Amino acid sequence: MNILAFGEVMLRFTVADKMMLEQNDNLRVTTVGTGVNLLSSLAHFGYNTSILTALPDNPIGKKAAADLRKLGISDKKLVYQGKSMGSFFVELGHGARPERVTYQDRLSSSFCETDVADYDFEKALSGIDIVHICGISLSLTESTRNAALKLAKEAHERNKIVCFDFNYRMSLNEDNTHEVMKKRYQEILQYVDVLFGSKRDLTDLLDYQETNETKLYEKFTHDYKINFFAGSKRVYRDGKKYFEGFLFHHDKIFESAPRELDILDRIGSGDAFASGVITGLLEKWDFVDTLEFAIANSVLAQASMNDTPIFEKQDVFNYIDSEGKNDLLR
Amino acid sequence: MNILAFGEVMLRFTVADKMMLEQNDNLRVTTVGTGVNLLSSLAHFGYNTSILTALPDNPIGKKAAADLRKLGISDKKLVYQGKSMGSFFVELGHGARPERVTYQDRLSSSFCETDVADYDFEKALSGIDIVHICGISLSLTESTRNAALKLAKEAHERNKIVCFDFNYRMSLNEDNTHEVMKKRYQEILQYVDVLFGSKRDLTDLLDYQETNETKLYEKFTHDYKINFFAGSKRVYRDGKKYFEGFLFHHDKIFESAPRELDILDRIGSGDAFASGVITGLLEKWDFVDTLEFAIANSVLAQASMNDTPIFEKQDVFNYIDSEGKNDLLR
Amino acid sequence: MNILAFGEVMLRFTVADKMMLEQNDNLRVTTVGTGVNLLSSLAHFGYNTSILTALPDNPIGKKAAADLRKLGISDKKLVYQGKSMGSFFVELGHGARPERVTYQDRLSSSFCETDVADYDFEKALSGIDIVHICGISLSLTESTRNAALKLAKEAHERNKIVCFDFNYRMSLNEDNTHEVMKKRYQEILQYVDVLFGSKRDLTDLLDYQETNETKLYEKFTHDYKINFFAGSKRVYRDGKKYFEGFLFHHDKIFESAPRELDILDRIGSGDAFASGVITGLLEKWDFVDTLEFAIANSVLAQASMNDTPIFEKQDVFNYIDSEGKNDLLR
Amino acid sequence: MNILAFGEVMLRFTVADKMMLEQNDNLRVTTVGTGVNLLSSLAHFGYNTSILTALPDNPIGKKAAADLRKLGISDKKLVYQGKSMGSFFVELGHGARPERVTYQDRLSSSFCETDVADYDFEKALSGIDIVHICGISLSLTESTRNAALKLAKEAHERNKIVCFDFNYRMSLNEDNTHEVMKKRYQEILQYVDVLFGSKRDLTDLLDYQETNETKLYEKFTHDYKINFFAGSKRVYRDGKKYFEGFLFHHDKIFESAPRELDILDRIGSGDAFASGVITGLLEKWDFVDTLEFAIANSVLAQASMNDTPIFEKQDVFNYIDSEGKNDLLR
Amino acid sequence: MNILAFGEVMLRFTVADKMMLEQNDNLRVTTVGTGVNLLSSLAHFGYNTSILTALPDNPIGKKAAADLRKLGISDKKLVYQGKSMGSFFVELGHGARPERVTYQDRLSSSFCETDVADYDFEKALSGIDIVHICGISLSLTESTRNAALKLAKEAHERNKIVCFDFNYRMSLNEDNTHEVMKKRYQEILQYVDVLFGSKRDLTDLLDYQETNETKLYEKFTHDYKINFFAGSKRVYRDGKKYFEGFLFHHDKIFESAPRELDILDRIGSGDAFASGVITGLLEKWDFVDTLEFAIANSVLAQASMNDTPIFEKQDVFNYIDSEGKNDLLR
Amino acid sequence: MNILAFGEVMLRFTVADKMMLEQNDNLRVTTVGTGVNLLSSLAHFGYNTSILTALPDNPIGKKAAADLRKLGISDKKLVYQGKSMGSFFVELGHGARPERVTYQDRLSSSFCETDVADYDFEKALSGIDIVHICGISLSLTESTRNAALKLAKEAHERNKIVCFDFNYRMSLNEDNTHEVMKKRYQEILQYVDVLFGSKRDLTDLLDYQETNETKLYEKFTHDYKINFFAGSKRVYRDGKKYFEGFLFHHDKIFESAPRELDILDRIGSGDAFASGVITGLLEKWDFVDTLEFAIANSVLAQASMNDTPIFEKQDVFNYIDSEGKNDLLR
């Protein structure tokens, strides 16, 4: 099974020792991004993965490519062009103090400046079974938007399974109207088979009015011929945090049991969930097992440093089997 | 608003990686102290702050001054004199294992050996609205005691707001009788407008007999013409830790709601509370809001490494607004 | 009181920053092992300790010897021979993600290859009151097995108190039949006074059928003339983890109250318990106090980095006295 | 003496342990830039310094401001605006392997996007004796160009001493013609009193034809009414590296003795030289002493980590006096 | 061009901060080995590389595989089997204090215990142009010896270019007689096209008597039909260290100019030289240029941390062009 | 051979990464001192060593004791008393930038405040062959002075070999007149057998007028019945640094060949020399070999981090044998 993801690769600078940036000059740099996180997880589950993106042709881009390879992602389809990578700083949280994420400019990155014409989609898709596209591309630049749309369309036409993640962020769209963004998402959704998002994406971004969740998802997936629609979220009940998810297929919502969270680093939880769902679909597990696997993968990821999950299937099964008693074993 | 603090600046050596000193040679050195912690917090809340203290005229003192500036505290009123700084080691705790603090000798520090005559209080108070004095000065040396008393008196005579923190430690007063210490505190309290302490300071140190808390505080604040009396503490209930505080003004005790604690580093909790209270008073917030802000600032500080709070007002408000669900947001 | 332990000394490589080995190249190396952990704890409780083992005669072995000395364990009885030390990697866990331990080959270590004839047991036992032997020696190589048995026998004949820890691991005995292993344990048990193990060791390894715990222990200790039989374990109740232990003497089981666990690093919990029990026996504390002390020592050890406990008696008493409110004190 | 610098503040990411970016994820972040380096050095020589620049209004900008204060540079004139800071990675060199610097995009930084109208030059110049402008502003964006020119003009009109550093980089001007850049430099030079640059700046950028160095400098400084023209460079002779400089005043070139270099981190050598020259001019030292001081400050800076010099005058004098035997003293 | 190497992959533990193992518990672990070093360098020169070896099927082996991918080496031909990796400790040197290397046992590693039958040589060689075999395999175990010989033979029969590196170490052959080792090398040499070694390998191991170097090499390469014979070494002249190499082809010795060394970490110098020579042969550069390139690659590698060269061709050319003045450029 | 040293044990805080204290908060703490350095070196040469000093009875003192044990020094004779240890900061140098040492107050340390009556010299000397006393004790406090003198006298009377190191520091004696210090040294010298110092100690401190070195030493050693007088120093010739030493016995000066220095950390060079000389005398090597060994030990120590030498005899011999070509060997 060969999986291709298209999306931005970013540098993450994590401040050391759970300190704040103003307190500590020691950083750890890692190579992350929705596509990276998803593919790393899938590679560790045993699939062949490769990424389609652009990196600068300098030591920074070469370092990122080396990191991608280390994560199990092929760098053969990388475009080296431009001079920058988007980046963000992470200050890990503790208790009352939340994890804090601060972005540096990302619009001048190699990825954001690489034009649709600079990619060879035909070659990129050759031998690929599944394509994953991150919705952030629709917000960034005209180049990333065009490339995402074209890739979705071409993959769809070639009968590849197209996965798409809403990943809609208001903060990235200060200059875009609601209508403009809605149209962009509507355009790409027609090529999508497996979709990751939330109820709010449907109501707030796509303006669906239906309030009954099942009917809403039924109508929406019917409108766009979406095969699977899934999503996850953190919830807070009685002073405890949980992680839970859903998977909608045909006319039915499947819901996971919630799992308690003890967060070390929360970033990438949605990507870990998505890779779990894709794995369940590929393996044709039943949907409840798929959700349990996806939630467990994400809970493990949130109990780990860095965005990027590197658990093998057996690690996830062990956690599920242990029923939270992992630490009791010698 | 210009705030001056007088007190000892110390070096804190924190053992890395939550290990004990016997286990790990890697330390992190930071510049701390009651005045430092308070001023840093107030500077990050937007006030002009400066510290009056003595540092050695060598690379150690210069490093401390650089750290003070970094925290937003002016070093223009520093006296460079003597050769040492007081210091202590911190071994962070975890679960059953408490955080452990061990002091090195502090009586031979530049601060402890600098005589009252070496300070120019008139110049130090020029342009200042509020003065904060840490009670530890009454315990250390004759020099620090005299300086603290003179500064309190001169500030009071110039109609500055004088804040004072009991900070009474038995361990620093093995050679002083109860009567001697009581007299010293009684002397300085007559100049104080805003006081930080606890009920026990009044009963055990000042020998008040009154057991009804409201009556006690009423009598005490009346005796010394204290405008505001406030205090905070950690409490343990049903296996959980909380932080809570009070503020007494005129004839009324205001009490905060307790907030649950998940401690990363507990030192400096009282200083974070005090800077929150001073901010509320300066901003003329109502007393309940002031207490909530002060407790929240302290809870955040205890969820952070190092003594010294560096939260902005908005950070504290965000925490209050999140009702503990900070980690749920992406 | 002079205590000698016989057993393997290993290098432990702990991945830094709670990360997984695939994520981080920074390691911390420490010198550990059942005997090391036990003796370090006993040395910090005030007893004279020394270890009988073999280390390579190179910078690795010298480093290990230096670490032993640092822990308070005499290196005078070390044999320098061979070229390797056994080692394992530790990836610390968090929440849902368990601590993970991966062993490198240990059968070619200096310890495993040192023959019984290379030890001078007579000299090693001179001046010694108590001997501790770790059961893992029965699994490793013929050399370690012979040495353990001979030492137990000679110590017993010289009226030393012989302590033994089952420490039976299936994973180390893939090539040994149940019968072979049973016989080895049966042989050594006849020399043992103080035994550490669990009910399962008696039923699964030694094939006892009795299900009533008191009767089982009574029969077993009678069969082998064991004076004390003790054990500890982690348990999981209502979503919380606890640590608890028992001590059997003559015809009675004493059981500790369970203590809640907040684990930083779980390895070595049994060794910390054993050193606590031995201390209580040496000090002739009553058995309930002994168990409380042993459990507390282990809970503190699990709240600390590294296998090896370095708490003094007063640290353990303080924890018991604080009733979990350690962090509340300033 | 109050000194203001205008220029870009950047984040520098230095790879730890002299390793290459592809080898090591541990970075150290510092706040640097021509203005930062110069002002830090001047602040440590005892002058009041402040910087005029723009930083993002987020934790990154706040961290940079804290670092500036730590270096002794006032942050009172900072403009908080925009969302990014320019940044670069440094891989330290060793022997045959050169130090390698890789820039991320800097054109979308807060500094590059802040318009001339966003600065209040009148307020910025109030109380200032000397202004330093870095020539890189002429290359970056129209905003930085306009701001630099306007500041130079206004400072000149108010009779401030205007210092300027050519700092001309081909790599930043791929889209600018030679003529365009020449004109920009010609425009600003008419306001300059103290200039830092090299012979090549005059011949290659400004198209001077004169080959005799004295005549060239005479003609050039006469053309633009430059009072002092100074420059420094690394040279390589007989397998050794040296650092040397010149100072031209009126009709005379003064040249320093070369000093041997043992480089730890070469970046910022020109800034350290410039701060030394400015100090000598302010203190009215003779020109040979001034050059010796400036070269020594730069040699010390190149023997230190990070761009930014933090030596006091006495440190520089000690080095000059020691004649390279610094290490011999106990 | 597709290159396969066969050989041991090892864990290297480097003590941090140039300290000795007894001084510092902080280590950095990297994945190295003759094949790893060579392939990493060749991958960074632009060739496709993959390694044939065995790694344990556990987190240690997975980490090593991730590191290999990061270095640009394909992990598709890895065999996962056994439980251990060979390892060694490195204490970096300085001045008079030499770099010190201490090996742990390597004979029980997955590589050493993997039998010739466990490798699928036919598949491993498919699509491969060049095979590199490290001579250490002839010393380790019967399994590694048989595998090395079989691979050499099969590659030779399939007309692959076979490279071989003597890498003869007395210390690994305490149990082997001179005659046994000689025979093993004689056997493999008949399949070799490109050979790395030294004069001493011919005289001391293979018992050649000829003292004239040219005649010696002529005779030797004729005996075994070796196409290219090359070697490098560190030499010491007049208090300075140099690195130099030779390349023998047909009847002629080509010798490099010596290059001065400033060593940061000397391990892997021969592997860096070999990858340079192979590159020159592949690119059909003339032999003098090839030697200059190979020596330069090795000098850069010795000026870098870790065994494994990661320089691109352009990095090597830049160094050659700079004539040692790399640090002079801004 | 059993060796006892008397002297101050100090904490050394070394700033990480060759940075200055103002630049970096990461420190490494080590336990050092003249006695510590000397004994560690002698312990690594194979002798039994123990230290007589006072440490605080708290986690700081316990950590120091653990470090002493690690270095091979017995902690059985330690007095636990008082609350502090003396300390100093080290900023490592590079090239033009010298290593910088800054002391914190040491007069209030446990050592400085422990009275002569608190030591049991009889017990301390039991079983001891050689005693080493560091001259700094004569400068610190009356307590340290009295203890040093009493120990010297008692050791002398019991026919122990008494070693003494002048270690005279002006900076520690601002309050003492030349005459007072001279008298103290004169008093102790009458008990000394092996003395470490320099010509200047004799002329400047003891007021000897003789200028001919041989005659000076002859007269001096005759006056005080000194058996051996030795010293070492760093010298600077033709831009290079060297280390060299002398040993005077009876009527003859033996001088070492100078060895070139490449300093990583220069502190403790004299202690490494002294331990080498003592070793040579104990082993009855001829004086030239003794000096060569002592100088080599010191050169190695200066090429290592931290004050404290941990080289074995064979390490020193290897260095001598390699003639500086250590790095050439694989």
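Should a chain be cited, it is by its letter among A, B, C, D, E and F, assigned in written order, with residues numbered from 1 in that chain.
Operating definition for what follows: a residue touches a chain if its C-beta (ideal position, glycine included) is under 8 Å from a C-beta of that chain, and two chains touch if they have at least 3 such contacts.
Note that the coordinates shown come from a computational prediction; the quantities given were computed from them, not determined experimentally.
Peer 1: Do chain B and chain F, two copies of one chain sequence, contact each other through the same residue numbers, with over half in common, or through different ones?
Peer 2: On the two sides of the chain F and chain B interface, the residue numbers are mostly the same, over half being shared.
Peer 1: By the contact definition above, name the pair with the higher C-beta contact count: E-F or C-F.
Peer 2: More contacting C-beta pairs are found at E-F.
Peer 1: With chain centres set to the mean of the C-alpha atoms, which chain is at the far end from chain A?
Peer 2: Ranked by distance of C-alpha centres from chain A, the top chain is F.
Peer 1: Between D-E, B-F or D-F, which repeats the contact pattern of C-E in over half of its pairs?
Peer 2: Same contacts by residue number as C-E, out of D-E, B-F or D-F: B-F.
Peer 1: Give me the superposition rotation angle from chain A to chain B, based on Cα atoms, as a multiple of 5 degrees.
Peer 2: 120
Peer 1: Using mean CA coordinates as chain centres, what's the gap between chain B and chain E in Å?
Peer 2: The separation of the two C-alpha centroids amounts to 62 Å.
Peer 1: Please tell me the distance, in whole Å, between the geometric centres of chain A and chain E computed from their C-alpha atoms.
Peer 2: 41
Peer 1: Roughly how far is chain A from chain C, centre to centre by C-alpha average, rounded to an integer in Å?
Peer 2: 45
Peer 1: Among the residues of chain D, which ones contact at least 2 other chains?
Peer 2: Correct list: 20, 22, 25-26, 28, 66, 70, 261, 263.
Peer 1: How about chain B: which of its residues touch chain C in the complex?
Peer 2: 17-20, 22-23, 93-99, 234-236, 239, 241, 263, 266, 270
Peer 1: Sort out for me which residues of chain F touch chain E in the complex.
Peer 2: Its residues touching chain E are 16, 28, 70, 259-264, 296, 299-300, 302-306, 310, 318-319, 322, 324-330.
Peer 1: Would you tell me which residues of chain B are touching chain D in their complex?
Peer 2: The touching residues are 66-67, 69-72.
Peer 1: Please give the residue numbers of chain F that touch chain B in the complex, ascending.
Peer 2: Touch list, chain F to chain B: 13, 20-22, 25-30, 58-60, 62-63, 66, 83-85, 87, 89, 91, 100, 102-105, 107-109.
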